[in-house]
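The chains carry the letters A, B, C and D, assigned in the order they are written, with residues numbered from 1 in each.
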Amino acid sequence: MPLLSLRQSVLDANLALVRAGLVLDTFGNVSGMDRTRGLVAIKPSGVPYDGMRAQDIVVTDLSGKIVEGTLRPSSDLDTHLELYRSFPSIGGVVHTHSLYATSWAQAGRPIPALGTTHADAFHGPVPVTPPLTDAEIAGDYVLNTGRAIVRAFALLDPVAVPAVLVAGHAPFCWGPTPAAAVHTAIMLEYAAQLAYNTLVLNPACAGVSQALLDHHYLRKHGAAATYGQQRS
Amino acid sequence: MPLLSLRQSVLDANLALVRAGLVLDTFGNVSGMDRTRGLVAIKPSGVPYDGMRAQDIVVTDLSGKIVEGTLRPSSDLDTHLELYRSFPSIGGVVHTHSLYATSWAQAGRPIPALGTTHADAFHGPVPVTPPLTDAEIAGDYVLNTGRAIVRAFALLDPVAVPAVLVAGHAPFCWGPTPAAAVHTAIMLEYAAQLAYNTLVLNPACAGVSQALLDHHYLRKHGAAATYGQQRS
Amino acid sequence: MPLLSLRQSVLDANLALVRAGLVLDTFGNVSGMDRTRGLVAIKPSGVPYDGMRAQDIVVTDLSGKIVEGTLRPSSDLDTHLELYRSFPSIGGVVHTHSLYATSWAQAGRPIPALGTTHADAFHGPVPVTPPLTDAEIAGDYVLNTGRAIVRAFALLDPVAVPAVLVAGHAPFCWGPTPAAAVHTAIMLEYAAQLAYNTLVLNPACAGVSQALLDHHYLRKHGAAATYGQQRS
Amino acid sequence: MPLLSLRQSVLDANLALVRAGLVLDTFGNVSGMDRTRGLVAIKPSGVPYDGMRAQDIVVTDLSGKIVEGTLRPSSDLDTHLELYRSFPSIGGVVHTHSLYATSWAQAGRPIPALGTTHADAFHGPVPVTPPLTDAEIAGDYVLNTGRAIVRAFALLDPVAVPAVLVAGHAPFCWGPTPAAAVHTAIMLEYAAQLAYNTLVLNPACAGVSQALLDHHYLRKHGAAATYGQQRS
């Protein structure tokens, strides 16, 4: 059963998302990609988290063809696939309707970098896509959602800012693994709530300086990271 | 005991409402209707949820005459009955004082459709009734509450928008079954909190386009629904 | 041990206040009065709730003289006593620093009656005292807090509105028993949060009509109450 | 193992911080100082709280030289050390990214003394540092954070106001022991949320009078304290 460990990591990440309180009902899904095999594992559509098993996770190739699994994949599959095709370094994607990140998405505003908590996870504001056009909605809506995300990163590094808000919808996050993408989703929701509160207290808040943004981001990310026990 | 399963489904739905955190004190009640028999089962009035049993659920006919049960029915019974009489397709009604939906009801504002989370459950804004007049309050208040709801749906399909805010009071939700109505109450509370946050961030937010509203609603509802595993 | 049952009811009410999430640290206290004996039982000062026993509850007379108990009574004792002396029908008093009620107290604003949830517990706005003067603070501060409350009810019935906000401080609630006062504290916190949210959504909200206020209050209180199972 | 009890108290305080809900991910750290030995014990950097043991706590001298422990100390160590060097009466320091205190820090606003809950813990507003300059960030950032805090207390008594907001970052708190510093962090978060709510309700709120601030603070602190059971 060669794909069991990918499926298991995707199952674990889906359950971690629930434990983190970021899932309402069956909203929310996590996928993971095995870059060597070119295969993506994703949560099945509309299935309750309670009792979900590794074999319920659906495996497809990058075109969406089901390779393993008997259930239908998440209805958001084509957005995930577009991200895997366009961002070659990522190995996990998370979609939630978490409360504060979704509120920013509905408001159509990027989440500004107002503090070091944000900077520890995101090297700049979290962007928001433009609203999808009627033609994009009438066409391949889920794929077009992915395309809108990719366009929003035309001038942005998806590794440095591993999250996006889809206007009128909700956030997507990603990372090297499904677990890392879940971690980013947790950080995003917290940064979103901090930024909400901050702007209520100070609507003119300009946010952190570039120097502070750089310092905190680079402290935890990249070759020169100094945080934690992992340094050689 | 022919009505036991209706009573059990109503008991289960009342307890699910509590587990969902939508109930304060003894505020909140769920009823269910067996359309074949023309009978409605509803929570008893002011009874604690802890230890409530299926036989505590009161069964009445559509005129409110008690058919089974020794306790007094919920004081909101006549509102529920008016909804069952006027909306012939529904089989469950929920009333809560859940925090954000009630805040919108107190503010006298409909909940606008600001995102796809809302659109997944409601095919348009959730309307608010006008305030009841002094004469309506002095008369048969509970029945008049139901009548005000029905009037608010004169031009609206109660299947497409299965919830309402009673001005100065709180929400009512409905659905094909008691469990479905509870699910709608959960979605309503979440949509209400998202909309609250969204308007704090962007008071001018215009909400989703008609195309996006239609797409998300019809994805989960009606003959062409594509979400979940239930498709043939 | 004749006072054990009073002490037990006061202990139970203090623990219920904690379970209701209305207590931060050791802030918060409940007392009860046995009107026949003229004795008041109250939580000891600054003692953790965990492990508190009925014999830790301190019993005093209406002048504050300790009748039973080895611990020092709550530092708010003299406020409680002033309420018992001035409001002869009450048998329980609760003080909390619960989040939303305290926010209104700090804002120096009465909590308006914006909905039926409020009206179910309070027959009108919950008043706020004026700030205590420097002389009142320098004098017998705790007693003067009670006096400020009593003055705020010069034209109000403390049975119809069983709660007050002390400006810059926090709420006090009361009722016929310690348990009833705790129930009122729970309702107050919820009404305070609903009113906060409501005014964010609609700063001009005028609140419920007198007819709706009367209807909901009298439905649950007084000789003509119709709510629940207790009607003869 | 002479330092075990210091390490244990620091471990206990770190876990208490988690139980209080003030920690997100691995954000947050507590240290303690043994003034007799001149040694500081602090949480290791980026280590999960689950399974953390007393021997994982790192012990350094006041210059940051590791005296005991095999893990790397918290990346915030130099801020803690600067506080121990500059505030000679303190024996515990806490850093969190708790939601409301961090929101005030991001907004760049001191937390005003708007009520007695605040006054019970802080004898005046909780100050905010100026933003660190680019030079301070490019230099010894963590040490410079401590220096910015110390400068903010040039005219303030760190015993009377045992907390600070670092602009664009988050709060630091302190006290005579690690446990006392954690208690202050809990009070700070609650005061921060109360103040946030209060200003939403009343943006012009002027806060408590000096007399009320003094009364409440001195009731719980200093030689004349009257609160609790500890009075001789």
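Annotations for the structure displayed:
Operating definition for what follows: a residue touches a chain if its C-beta (ideal position, glycine included) is under 8 Å from a C-beta of that chain, and two chains touch if they have at least 3 such contacts.
This is a predicted model, so every value here is computed, not measured.
Listed by label, the chains touching subunit A and subunit B alike form an empty list.
Number of steps on the shortest path from subunit A to subunit C, with steps defined by chain touch: 2. Taking the mean Cα position of each chain as its centre, D sits at the greatest distance from subunit B. For the pair subunit A and subunit D, the fraction of shared interface numbers is less than half, so the two copies use mostly different residues to meet. One simple way to say how far apart two chains are is to compare their mean CA positions; for subunit B and subunit C this gives 33 Å. We define each chain's centre as the mean of its Cα atoms; on that basis subunit B and subunit D are separated by 47 Å. For subunit A, residues that reach two or more other chains under the stated contact definition are 200.
Considering their complex, residues 24-27, 44-47, 71-72, 75, 97, 99-100, 102-109, 131-132, 134, 137-138, 141, 168-170, 196, 199-200 of subunit D touch subunit A. Contact residues on subunit C toward subunit B in their complex (touch as defined above): 114-117, 120, 183, 186-187, 190, 193-195, 197-198, 200-202, 205, 207-209, 211-212, 215, 219, 226-231.
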